[in-house]
Amino acid sequence: MQAYFSLIGFGPQGWGAQLAWATLMTLSVSVAAFATGTVFGVAGAWAKLSGGPVLRGLADAYTTVLRGIPDLLVIYLFYFGGSALLTRLGTLMGHDGFLGLNGFVVGMLAIGVVSGAYQTEVMRAAYLAIPRGEIEAARAVGMGRALMLRRIVAPRGLRIALPGLGNVWQQVLKESALISVTGMVELLRQIHIAAGSTRLPFDFYATGAALFLLLTTITSLLFRGAERRTQRHERAR
Amino acid sequence: MDLAFLGETLLRLASAIPTTLELAFVSVSIGLALALLLALLRASSVIGAACVRAYVFVFRGSPLLVQIFLIYYGLGQFDAVRESFLWPFLRRPWWCAILALALNTAAYGSEIIRGGLAAVPAGSIEAGRVAGMSRFTLYRRIVLPLALRQALPAYGSEIIIMVKSTSLASIITITELTGTARQIVSDSFRAIEVFVCAGLIYLAINFVLTRAVLLLERTLTPHARGVPR
Amino acid sequence: MTDVVTLRDLHKSFGPLKVLDGISLTARAGETIAIIGASGSGKSTMLRCIPLLEVPERGDITIGDETIRMNTARGGRAPADSAQVNRLRGQLGFVFQSFNLWAHMTVLENVIEAPVHVHKRPRNEVVDEAMALLEKVGLAEKCEAYPAHLSGGQQQRAAIARALAMRPKALLFDEPTSALDPELVGEVLGVIKGLAEEGRTMLIVTHEMGFAAEVASRAIFLHAGRIEEEGSPRQIFAEPTSDRTRQFIRRYLERA
């Protein structure tokens, strides 16, 4: 037991510092990907709800495709495809040789567009779940479109969407482990390295699983807290 | 556009479809049986419920890829495992992938079935009890048929997710669809065309599966269909 | 006359709330007993005790000449022999307020389910009998329909056919028309009235006083978990001796 703690601790033999840094990387790439997804989600939901037939069709294709293919494939497409494009572009500009994309950027974009597809559906459903009467009431007091969006639709919709967004976040956090295939040193990659160099794969992968569990648990508590705060008005007095 | 290359790529990718489907089918079958057991265990006793909750928490809260690595690389660390009769299975990437996928989907599946069980109307159960049904008959004739029908749509989504998850098996050297795509890319350096082709195949598989589940739903739940009175 | 259902000194509480406070009652063969009383008086709980949907804390339940054996364990009182309970339940027909048809089965499948899978009778014979029962409740042409596609009145008539298919010694009705739209109440009451005329043994918890007065051979007024008054319908409705019964009847008439 003591051997295990010195292994993952911060001592001279320990991997603690690397693991802490890698955990931070996992968190930051997840936050970046989720935020990217929110941009796509807002755009997608808007297109589905109030776009014309072309925009609606595009948004439908976007959510169908991105939810129908493996995330790993999306990451490969962005990583290898992006690098191929970049290299071709580089040759045109007179740069010789391979140009690779940064793993963080790839992960942020790839997981971002996937999570955007799910966020699109969550936000669309949330908008549709706002009681029509409340929107009519806003119209009745003379609110314009923008004001209504800002004062009524956005806050009301966000409250309804929070549980769904919480699920998407958990998904993003877990999918971020796939970015390790690009070689970017996030939590799983660091675990992989440590497991290989110490020849203690079980200890390290179990530690990795535990750290991910810690992250998902803490952040889900944060989401739950946010839900409770924003839904105070729903509770019976 | 290089049609000859695209055609050849599609053919090579198509030859990997059976591997992907087999991974999905075997792990979903094992996972479903396990999920049913877990859901019933969860409903049976306080201790059983606590164990199942812990299981679900661990497998839903950590990445599938970590679970695959833990089984594929991690278990071999122990002599006891390497000397056991299971080692011929556990040293093979194929069985490790199946095991991880099945354990993972069982966690999600048990929650889906639990939702189905919770949605069985209390009145339907009471009607079974007053008819003199034993616990076993009640479960077999009333509770499980109603719960599984209720759970079917959500379980359909879980199957789609599992088809997508089989792509992770490529990371431990299995040449299913995604693994084959990677091989073609490393031979041809034409990433975009190849991965787009692979994506189209996944979409087609999932489209067919979605339709199949919908059809199953229709045949199993004629009572839910709106019929004009 | 033979005793079909006998309750002796039933007591039942939900938490601090005492619902049954010593109920004794015997239903003899061919009797139609109407059980009336305000909501919360314990009438539904009493009826639900008969097939042991509720387990009384004290008292005995006898179906025919067989008394349900009970155990008092640490966790409370429970039936000693679940096989016996299931067997005796199989001799009763219970009709719920909310029908409780099984949604995944057609009307006919609902009716034959227990005879085939509990009584283990041959399916062919049961189907013939079930069709005759559906004919009797006026639903023969709906036998292939699913419950979701029927009106409340049709569902309740199907549920009555399902109860009859048990070949029950007694039929128990728990407010059979309370969940129905007013215009559908009549068709269900008509079916129950027909059964009373056949001389079946029935216990009916109901709020339909006119119906109770018309079909019952005996009426029982429950108040606060006790039998406040019992007698012929004429006596209970026209000349009640208890003030509480009189009050209850008067309030009912004022509302109607």
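Letters A, B and C name the chains as they come in the text, with residue numbers starting at 1 for each one.
In the analysis below, a residue touches a chain if its C-beta (ideal position, glycine included) is under 8 Å from a C-beta of that chain, and two chains touch if they have at least 3 such contacts.
Just so it is clear, the model here is predicted, and its values are computed rather than measured.
Interface comparison, A-B against B-C: more C-beta pairs in contact at A-B.
Core chain by CA centroid proximity to the global CA centroid: B. Measuring from the averaged C-alpha position of chain A to that of chain C gives a distance of 57 Å.
Distance between chain A and chain B, defined via averaged C-alpha coordinates, is recorded as 23 Å.
Centroid to centroid, with C-alpha atoms defining each point, chain B and chain C lie 46 Å apart.
Multi-chain contact residues of chain B (touching two or more other chains) are absent. Multi-chain contact residues of chain A (touching two or more other chains) are absent.
Chain contact summary for the complex, chain C toward chain B: residues 51, 53, 82-83, 86-90, 92, 94, 96, 98-105, 113-114, 117-118, 145-151, 162, 166.
Across the complex, chain A meets chain B through its residues 64-65, 68-73, 76-77, 80-81, 83-85, 170, 174-178, 180-181, 188, 191-192, 195, 199-203, 205-206, 208-210, 212-213, 216-217.
Contacts from chain B toward chain C in the complex involve residues 121, 123-124, 126-135, 137, 141-142, 145-146, 149, 221-224, 227, 229. Remark: chain B residues 57-58, 61-67, 69-70, 73-78, 160, 164-168, 170-171, 178, 181-182, 185, 189-192, 195-196, 198-199, 202-203, 206-207 touch chain A in the complex.
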